[in-house]
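For reference, chains read A, B, C, D, E and F in written order, and residue numbers begin at 1 within each chain.
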Amino acid sequence: MEDRYAKGLKNLEKIHPEASKALMNNLQDIAPDLGRFVVEFPYGDVYDRPGLDLKSREIATVAALTALGDTKQELKDHIKGALNVGCNRQEIIEVIIQMAVYAGFPRAINGVYIAKEVFEELDEKNNI
Amino acid sequence: MEDRYAKGLKNLEKIHPEASKALMNNLQDIAPDLGRFVVEFPYGDVYDRPGLDLKSREIATVAALTALGDTKQELKDHIKGALNVGCNRQEIIEVIIQMAVYAGFPRAINGVYIAKEVFEELDEKNNI
Amino acid sequence: MEDRYAKGLKNLEKIHPEASKALMNNLQDIAPDLGRFVVEFPYGDVYDRPGLDLKSREIATVAALTALGDTKQELKDHIKGALNVGCNRQEIIEVIIQMAVYAGFPRAINGVYIAKEVFEELDEKNNI
Amino acid sequence: MEDRYAKGLKNLEKIHPEASKALMNNLQDIAPDLGRFVVEFPYGDVYDRPGLDLKSREIATVAALTALGDTKQELKDHIKGALNVGCNRQEIIEVIIQMAVYAGFPRAINGVYIAKEVFEELDEKNNI
Amino acid sequence: MEDRYAKGLKNLEKIHPEASKALMNNLQDIAPDLGRFVVEFPYGDVYDRPGLDLKSREIATVAALTALGDTKQELKDHIKGALNVGCNRQEIIEVIIQMAVYAGFPRAINGVYIAKEVFEELDEKNNI
Amino acid sequence: MEDRYAKGLKNLEKIHPEASKALMNNLQDIAPDLGRFVVEFPYGDVYDRPGLDLKSREIATVAALTALGDTKQELKDHIKGALNVGCNRQEIIEVIIQMAVYAGFPRAINGVYIAKEVFEELDEKNNI
């Protein structure tokens, strides 16, 4: 249905427009349908649901990606996404630190390093 | 420091008082210090930090436990905890459904079944 | 789009009709949309794609579920699904044994026990 | 080579003779070669190597199984194995508690509960 | 037994001769026995078994490595291995996309990127 | 309590003084409290406990980090830590090889490569 893709794009625009464009480009020649699925299922179906605000959704996603490990690019994208929908930097750091309790210190430390990289990239961009 | 334990107990009291008493009892004769660590580190150090409200902390924890798998008892406790600090049932279900995107459908389906069990237990208790 | 749900049901009918009905029933009152997502995304979008036959798809799924762990119900369903789309029992056991190499012996041993349970259930059912 | 199987049996005899017999029996009719692989590769090849004593090997295994999760039966077997090759109960509990740092509190708490079950089974057996 | 090593080499020659030589070289001075174990157990014992064809075995392995995460080099090797035993590129991409369902989108996206890298390396090599 | 931090620093000094200073520096401006937690909880509370010697503790940690995956920096630090508290290189390699049994060959191979990197760094440093 056209609608799911359109709704997905609208949600992606709110959450992380640049990251999603990069993803689409990277998948274009190898697995374009996976790119379409990303728009349609996570962003068109799931993030579009009522019942949980986008800020809470991004908190859940940052927590899960930190806990799962080996998700660096996605975690970077969702840290930016969390900032874009109303989290502040300290809230993001708190979510990641909390993962030390549930997934162990190595995941939390890696997550904080990834957040640091994101924040530095954003600061550099703002300084230009 | 006395304070960490006291602060931890205070936070546990807000989040899931019954679950933590059961945990302490279960650990009492086998690893009492692990019980003390649970009070002091997660609840005394981490959940006590400013910068993220308790409701957001429980959303992050429900997300992580669902994604990690093999955490049934902890997930049950934190679903109750999330309810106790202001989440409603639909919000919890939304967090768990969202994990289908990041950790796959089996984790999300298991998480929903666990939530269902918790809600039924609570309803039974309220009916008595 | 109506089509996705219809296509998903058709694929589910081929792969594991009983398991999916049980899943839908279990999710009905707690997270019916997750049930719908299962029909639409995995079975309507993914399993419906050309380019890989259903038997190979079930081999991939049995492998992944064995490797991930804490997926007992899903693994049971997909072992039956694999049988329904043309795998024989020995092929399924071979896939699971092979996981000892990639995910370690505990996952492979658990997987074999789960397959044994499925085969015994099927044999009992056929004897009635 | 006969030798690997014989060496494996000898090591299994030292580490956990009962558990391995139960495993062999359970696998006999469904995947007997996986049973043979368990004897030959982990116990014939790996545990037989010089360079690390059996007690240290069991400490490593208890740590890994606790961290990985969804390994209850194997963890029970290796807790008994650790006791059989010279660990005392406190050492085993310490290894498991330490996993709170690396794999999070839920894995450590589950591990301690499993150890408790093992110790109680052993105590019951000794009281008969 | 000489046989296992010889059988393993023969299977490795069919599946991914270059990757296995690189692995042996890398392990030579640090853990040569682990290199030998790789030849003997996975390739001499497991891949040599009747009951499942090599193409299906590689599909199972690509699925599992994608789902487990943090397995980049092994996944690259087995994508090449899958091509060498009869999978086409589209089948490999389909297996990886399917993992979005069972292990979440981040694992599937990473897997597709790794496949892309492999395909580009092969195309470059063929163009020289 | 001052004591926990002081005890933690003392244990870190024994285990891996350089790694911990690097960690503190890296966390200083982004999440200094996570740095403090690392000193206080793992090293002040856990590693300080009687009942398990430091060498056994490092064996457990190297095993767990190898098995969990996506823990490269932490594994490097703990391989050095294991050497600092009395493990020799062969013992460390044995622990990592053994993980092939419990977490699969990819984790063991990655672990051995990481150990190789650590040993080469140490040899270079000693040659200067």
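We take it that a residue touches a chain if its C-beta (ideal position, glycine included) is under 8 Å from a C-beta of that chain, and two chains touch if they have at least 3 such contacts.
Just so it is clear, the structure is predicted and the values come from calculations on it, not from any experiment.
Annotation: the A-C interface is duplicated by B-F among the options A-F, A-D or B-F, judged by over half of the residue-numbered contact pairs being identical. Taking each chain's centre as the mean of its C-alpha atoms, the one that lies farthest from the centre of chain E is B.
Across the two candidate interfaces, C-E and A-E, the one carrying more C-beta contacts is C-E. The distance from the centre of chain D to the centre of chain E, each centre being the mean of the chain's C-alpha atoms, comes to 29 Å. Chain D has its Cα centroid 30 Å from the Cα centroid of chain B.
Centres computed as Cα averages put chain C at a distance of 40 Å from chain F.
Multi-chain contact residues of chain B, defined as those touching 2 or more other chains: 33, 37, 41-42, 46, 49, 65, 67-71, 74, 93, 97, 99-106. If the chains shown are joined wherever they touch, the resulting network links each chain directly to all the rest.
Of all residues in chain E, only 67, 99-106 touch chain B in the complex they form. Considering their complex, residues 41-42, 46-47, 49, 51-52, 56-57, 59-68, 71, 74, 90-91, 93-95, 97-103 of chain E touch chain C. Contacts from chain F toward chain A in the complex involve residues 23, 26-27, 29-31, 33-34, 37-38, 42, 65, 68-71, 73-74.
Interface residues of chain F, counted against chain B in their complex, comprise 1, 4, 33, 37, 40-41, 45-46, 49.
Every residue of chain C that touches chain D in the complex is listed here, in rising order: 69-70, 93, 96-97, 100, 104-110, 112-113, 115-116, 119.
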